Every structure is written in C-alpha cells, then in structure tokens.
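You will see chain A twice below: alongside chain B first, and alongside chain C after that.
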Partner chain A sequence: MTAVIQARGLGKKYGQRWALSECTLDIPAGRVVGLVGPNGAGKTTLLNLAVGQMQPTAGSIEVLGGRPASGPEQLAKVGYVAQDAPTYAGLSVGEHLRLGARLNPRWDDAVARERIGRLGLEPGHRAGKLSGGQRAQLALTLGIAKRPELLILDEPVAALDPLARREFLQGLMEAVAEHSLSVVLSSHLVSDLERTCDYLIVLVESRVQVAGDVDDLLATHHRLTGPRKDTLPQDQHVVSESHTDRQSTYVVRTDGRIHDPAWTVGQLGLEDLVLAYMTPAPSRPTLEAIR
Partner chain B sequence: MEVPVIEFHLDTGSGVSPYMQLVRQVRHALRLDLLRVGEQLPTVKDVVARLAINPNTVLKAYRELERDGLVAPRPGVGTFVTRTLADESLTAHGPLRTDLERWLAKARLAGLDDESIEALFMTTFRSAREEDIA
Partner chain C sequence: MIWLTLRQFRVQAAAVFGGLAVLGVFLAATGPGLADDYGRGLASCTAQHNCDQFGSRFFSEHWGNYGVLVAIIIALPGLIGVFWGAPLITRELETGTHRLVWNQSITRTRWLAVKLGLVGLSAMVAAGIAVLALSWWADPLDKAGVSEQPRITPLLFGAHGVVPIGYAGLAFVLGVTAGVLTRRTLPAMAITLAVFAAVQVVTPLWIRPHLVPPKSATVTITQQNLSQMTLDNGADVMEVQTSAAPGAWTIENRTVDASGHEAALPPSLMNGACAPAPPEAGHEPPPGPPEKCFTEIARLGFKQKVVYQPADRFWLLQWAETGLFAVLALGLSGLCFYWTRRRLS
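And then the complex of A and B:
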C-alpha cells in the first residue's frame, strides 16, 4: 500500500530550537490519522512541512509520493485547513465557493452547494458574521469540495463548542465515507480523536513517541500493577512506571502475553495510553509503527 | 431504500473498542430476535453520519460479522442479515429466568446483598468457563 506521508529523519529548527526532530513516519493511505501532543510539541510544524508551507532543516518528507507543494498537481492532491479555520471575513459564503472553484482544478461544485445547503448557510452572508462552528464548516466545505486525496486539518475543533464539534466531525467522517479520502488531523484532546481516528501519532517535545494503528496500539499496551519490581523482561517495553515502597505500576508495550502471575494486568483506553507517553520518562527510545 | 431496523450507539468510557461495540450490538439484536434474516443493517454512511465515527470502524465491524457468517454484503445496496442467533435458545430463556429468579430469592434469604450476589455469579461464571476451556 502506498504511504500518504513518508518522513525520513525529518527535522525543523527555528533559530537554536528544534521544533521537530528525527521524525520518521510511514502513514498508510485510506486512514484517518490523529496527531496528538501537548501545545508546542511540533504538530503544526509537521503539518506545515507536509503541505510545503515550510522547508525541512533536516531529512526528507514525501506526501502521496511527491515533494510537498512541488507543483500544481501536488497542490491539487492535498487539502489543508489551517488552525482556527481560516476564512476571509469580508467575503460572503458564495464568494468563498467561487474562489474555491477558481483556485482548484478538481473543484466539485455540486458537493460544495449540497453541503452549504444542508448546513443552512446563506450564500449572501459574510464569513465574518458567521459563528465559529459555521466558519469551521465553511472551511471544511472548501477542503472537501477541492476533492483532494489527502485532507490535513490543524486543530480543527479546538475552538468549537461540543455540539459544533460533533457536527464538524460528522461532516468530516461523511466525506471520508463518500470520497475515500485520507485524513490527518491534529488535536491536543484525545477525546476528539477517539471515535474518528484509526491511526495515531503521539508527538511530545518535538519527537514522535509512538505511531501506529489504533487497534494494534490498544492490543499491545497493558497496565501492570503488583508487588514492587524494578526490572521487566526484555520484550516488555516500559512506557511509564511509578513505584511505592511496596508496589509497582507499569505501562508496557509488548507483542507477547504477560505471563508473570504477580501482575494484575489491565487494559488501557486511548486517553490513558497517550497520557502514558506524555508523562516524561528518562531515556525512552523512539518507537516506529509496527505493522 | 429500507428503513434500518436498529440504531447503533457508542459508550466512549467503556474501554471496549468502537468496532467491537458495533459487533456486540448486532449480535445482541440477533440474539433477541430484533434483527431477522433478510433485514438490512444501517448503511456505513448512516452510521458514520449518526455517530461521527470513522467509516473504517464500521467496515471492520461488518467484516467481522461477515466472517462469522451472520451478514453478507450486497454490492451497491448494503449489508443484510443471513443468519440469526435467536434460534431455539430464545424459547429456553423463560424457564431459565424462572430458575434464576428462584436462586436470587434464595441468595437474598441467605443474607447476600446485590454486590455479593454479583461477585458470586461472576466468579462462578468465570471458573466454569475456565474449566470448559481446560
């Protein structure tokens, strides 16, 4: 299967600081990919590199087999909804659609009109007068009607109330079902991604901590609790650990089964899994996706 | 187009993966005879629009049900029930329930509270199942 995003040792430096470093990724096509991490972890930097709004300082990145923003054909294949759902405040909804039609060779006007109608947006209304949820839906409509192969969204629901958030994600998922679109969306909230993503990338302090299929990640991570123990078998990779005098609690990643009867083995939800990677642990090696 | 017979819901805090929740809800509906042979499951697009979930999750659930021989896709139309789980076992539910109610009354008489009853049932259930496997 072809990769939608392939990065090799990708890095980006702002002045003295690495915003993204040693990033190696193979994101398969046809997925809805969640990119999670705290604010300032490098999510926006990675997305900007993928759409070609920035050039890497180190390594390389290919998107749908081409160099980001390398020509009109590449630009037509990748849609980008940047942070805060950018629209032109002075232009009307209808003018946004006309602009989309002019700028995008594969523009699907029927899809755009149908979505705008269904959302109840008046073509005459100025974008500046719309609510946050409506503006986000307008930006999403432009992204979908462009008919890209890959749609990238940076924190698309961060500023929305719960209802607008749900409606936005419904619209996005419908587009995925209808147009067999690959999607990458970032969020600092795992709860936004739990229902929508089938592939997850956790980015902390400019590094990819873990990346892989969500069901695989859930099946291979376990929480172990039991009497204090300071070392674990080789095949059990420690993600996080905490100890009292008598008790140890580990989050481990392993493909094998946990045989030691001293442990009480628990399953992790996606949120706990991500949090385990966000908790600082000394000298943790970067993991690549397992397939 | 037919109106779907069942609607799915998701319990996010349950720790059960979304695709498995869908599989269980279909199996449950089949067992209770809410879904019958020849009837249509909600289309992928309907489920996606209703629950705001990933279409791959729905496809994965439907593929698993298909592997179990419970449903079959008709290309371009949808996914239809091919086998039920209700069968004869449904008629046995009544008498079994009566037995269980009698047992519950006995447990209460012996002074067990709800939590103890549940714990006793679950440990017995688990150890019986482990014996079956072994």
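And then the complex of A and C:
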C-alpha cells in the first residue's frame, strides 16, 4: 500500500506555540480521508504543510513521494481547495477556468466546462458576485480539472448552508468516483464526513489522537456501561470515561472481545467515537499510572 | 502566468497610462508653440545682442507650467511604488488568493518573477515615456534656462535623462518589498511613500554630489563671475556668490581669505568700496557694484571657493545614479524572492 501522505515527527511552531506536534501519519492511497478536530486543533496547519504552503519546524512530510511544492511537477499532482475557497473577486468564472488552463499542464477543460454548466454558473459572472456555495463549487472545479492525484480540501463546507453542503460533497464524491482521486478533507463536524469518508484522522490540541479505516475504528471501539468502577482491566485502552454516583461509562479501544458480564457493551457511532477523543477523561493519567 | 498578471494589472495600468496620455495631449498641443516662440525670440535677441536677458525672461515666463510638469515626473515613481508595488502581493495575501494561485502547477518563484518582471518593466516604461515627452517639450526651456536653472541642478536633474526610469524601478520594488514584509496594503503604501520620499531628498543632498568627485576651484571675484552680492546693513553682513562655470551645479560657494580658510567679508566694504552708487536723476542705476569693489576685495586677499559638478558631467551622473538605483532594486528583489519563498504562507 503506497502512502499519499507520510509524516514523520512533523511539527509546526508559531512563536512559542506548537500548532502541530509529533505528527506521524501514513495515509494510504485511494481513500477519502476525513481530518476532524475542534477549531484550532491544527487541521489547517497539517494541510498547509502537506501542500507546501508553509515549511515544517520539525520532522518531515512527503506527499506522493515528494517534498510538498518542491517544483511544478509536485504542484501538478496535488490539488488544494483552501479554507473559505478563495477566488479572485474581480475575475469572472470563465477567467478562472482560463487561469486554471494556463497554469496547469494537465488541465482538463472539458471537465471544467461540464461542471460549470451543470452547476449553472455563467462564465461571464464575476466570482465576487457568486454565493458562498457557488464560490466553493468554482474552487472545487479548479481543483478537479487540474487532474491531481491527491485533492486536499480545508473546511470546504464550513461556510455553506445544509443544501449547498450536500451538493458540494456530492460533486466531490462524483469526481472521486470518476477520476479515482485520493482525497483529504478537514472539518470540525463529523456529520460532514460521515457519508463521504472511509478513513478518519482525529486531531486534538495539535496532536493526532487516532487515525485509521472508519470500519476498523468502529469495530474496535466500544462503550462500556456498568456499576461504578474506577479502574478497568489492563488490556483495555481507555479513550474516555464518565462517572455518576452509581454508574461508570467508558469508551475503550480493544481488538479483543469484552467478556466481563458486569458491563453492558454498546456500539459507537462515528460521531460518538470522535467526541470521545475530543473530550478525554481528566483522570486518565492516573489510570495509566495504575496500569 | 503572463496572462493572469496582465489581467490583474489592467485597471492600475489603465489609470497610469491614461494619465500619461492626457499629459501627452497637453504636451503635443503646447510644445510646437513653445518651440516657435523660442525660435522667434532667439532670432530677435541675436539681432539686438541681448540674448542673456531673453533667455532668463523666457524661462521664468514658462516656469509655471514647467514646474508642474517636473513635479509630475518626480512624483510619478512614488505613485507607481504606492499603487503598483505595494498592493502587488498584499492584495493576494489579504484576499487569500495566494493560496489559490500558489497551488496551481507553478512555483512561487516563477509566479513572483513574472509579476515583478512585467509590472516592474511597465513602471520603467511609464517613467521613460513621461521623461521623453517632457524632454521634447522642454527642450527650448532647457536651452533658455542654462544659466538660470541648468538641468544638472537637483530639481531638473531628477526629471531628465534616465534617472526617472531608475527611480520608477526602485520605487516599484520598494513597494513590493514593503508589501511582502508587512503583508498588509495600507501600511505597505505608507512605508513606501515615506521611504521613497526620503530617498528623493537624501539622494540630491548627500549622495549625488559624491557619485563622481566634484571639481573645486578658488577664483578671484570679478564683475563677470559674480552671481549674487548681498549687502545687509541691518545685520552688518556682506556676502557674495560666484557662478562656477556655465550650466554647472554649484554644491559649495563660500568666501575664503588669503590662507584659504573660510572667512566673512569685512562689513566696512558695504559703506566703502562696494557701496552702491547714488541714483542719478534721469539715469538707470548701474547694474552691479562698482569695479573698485572687486579691486578692493582682491587687494584684501579674499577669493571665492566653489565646489561644483560641471555641465558636461550630466550624463555621467545620470548613469551613475541610475546604476546605483538598479543595484538597490535588484537587492530588494532578491529579498522579495527569499521572503516569498520562505516566510509567506
């Protein structure tokens, strides 16, 4: 399995603050990868490092086997729809396509025209006059018609209303099916990613908490509910815990089955799984010390 | 990339080149008349042997228009720096479009090279056209004003020859550099304006005089070389200035004593040898001090020391200054490339 993004101890520091630290990742090819985490977790930083928009402070990152933005060939292989889908307000839709055609050797004009036509965008309209959803679609069109091997999208639907959100993600999935793209998209909402992604990375407080195939993640995470208990057997990796006076709820990651009859074992949805990583138990260090 | 650069640049380009076209129409409409007037005046003054007076009269009659045109040429590079240079990169950074364009299949280096090259070249072409048109129009005035205001003197020097092209290139790159460093348009514009204005003041005061070592001469003060004599009875001060050479730029002009040290003329001269002749009824007063004034100054051992750049060094100084600006502009361009590749995101 070849990696589209391979990071080793990757870190980025702004002044005194690490926006991303000790990030080691192998993202396989041919997947639609969701990068999820709260605002300010370092998602944009990771994506910016992957497209070479900025340079890492520590560690290394390789994208499709090359250093990000190291040359025109590397740039041609990676498409990027940046946060807020920037477009030139003064340029028309048609001029954006012309820009794409002039700056990208692999530009697929037929795909671009077809998409613009299907979306009902007038080539003569200025990008500054488009709605947020239309602008995002225009930016996506530029990213797709560039014919990259990997398309990276940073919070592409954050500013869109639910309908535009669905249309955007549908358009993205069609392109993935048609051009066999690898995709990495970030969001702070799991619901955006649930229907599109088959691989998930959870990033919290500048660190990767968990990364893996969505089906594997769902199969190995369990919610345990039972009478109050402050510790669990040693082979259980506790993701989060919460307690009331009488009852304890744990989210654990384990490959084995859970046999203890004291616990009621429940399955987790993707959203619950991500939330469990976003709100780790405050007492977890002590627990680990006991282990 | 060329297409995109031109597309983004077209409004600003239209504003400046449109302004230059208006200027061109004015110059074309008034230029031939000016040349004719000068030619006729010259013919009649040659017949009457009073061409010196004609020259300075003709120059001061038209100085109003000429001054405004010179001011435009001097201001043009600054405007280019502020409105073409400063926003070149900051506009992309402020609207986030750098994240769009840097992720097309083109490196930042090439992106910046095309932008700097095309717009910088346009800046130099704009300045070149302007200075060429002005030089054509003002040719009679430059001839008439050769003793009043030679073109090597600071004000006119900056609006002639190749120097304005160098200024335009430097101002543009300065604007881009300020933009790359501050990342915001308005501060970049303000910095560009302030720094470039400082360059325009500092250059003629402290840099241009020394680009080529100036000539120096200590001369006897005579009726012929005297350009100005001030008698101030109230302050008890008497001063003289001499003209160094025809059409020269005088940098220093001071009276020295017999040993060569800077000295003041004795005020007693004002009421003695150099006292103006009493007005006689029915006669024009004589134009200058009496001849015995000069004899007396010479007898006391006073001379005039002048440091100057002679008129024939005009082009030497023009190329030297343009070369200096070219080096500065290249240095700043290098900084822009480094900063854009390494520090911007």
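Criterion: the second predicted complex is superposed on the first by the 280 of 291 C-alpha atoms of A that agree within 3 Å, B and C clash if a C-alpha of one lies under 4 Å from a C-alpha of the other, contacts with A are read in each partner's own complex, and residues count from 1 in each chain.
Definition applied: a residue touches a chain if its C-beta (ideal position, glycine included) is under 8 Å from a C-beta of that chain, and two chains touch if they have at least 3 such contacts.
For clarity, every value in this text was computed on a predicted model and none was experimentally measured.
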| item | value |
| --- | --- |
| First, second, both or neither for A:E95, with chain B first and chain C second | second |
| Partner with the higher number of touched chain A residues, chain C or chain B | C |
| Touched partner set for A:V32, first chain B, second chain C, both or neither | first |
| Of chain A, residues touching chain B in the complex | 30-32, 166, 169-170, 173-174, 176-178, 191, 194-198, 214-215, 218, 267, 269 |
| Residue numbers on chain B that touch chain A, as the complex places them | 10, 12-13, 15, 17-19, 44-45, 48-57 |
| Parts of chain C lying in touch with chain A, wherever the complex brings them together | 1, 3-4, 7-8, 95-97, 99-108, 110, 342, 345 |
| Chain A - residues contacting chain C, complex | 48, 51, 53-55, 69, 71-73, 75-76, 78-80, 82-84, 86-91, 95, 98-100, 102-106, 139, 142, 146 |
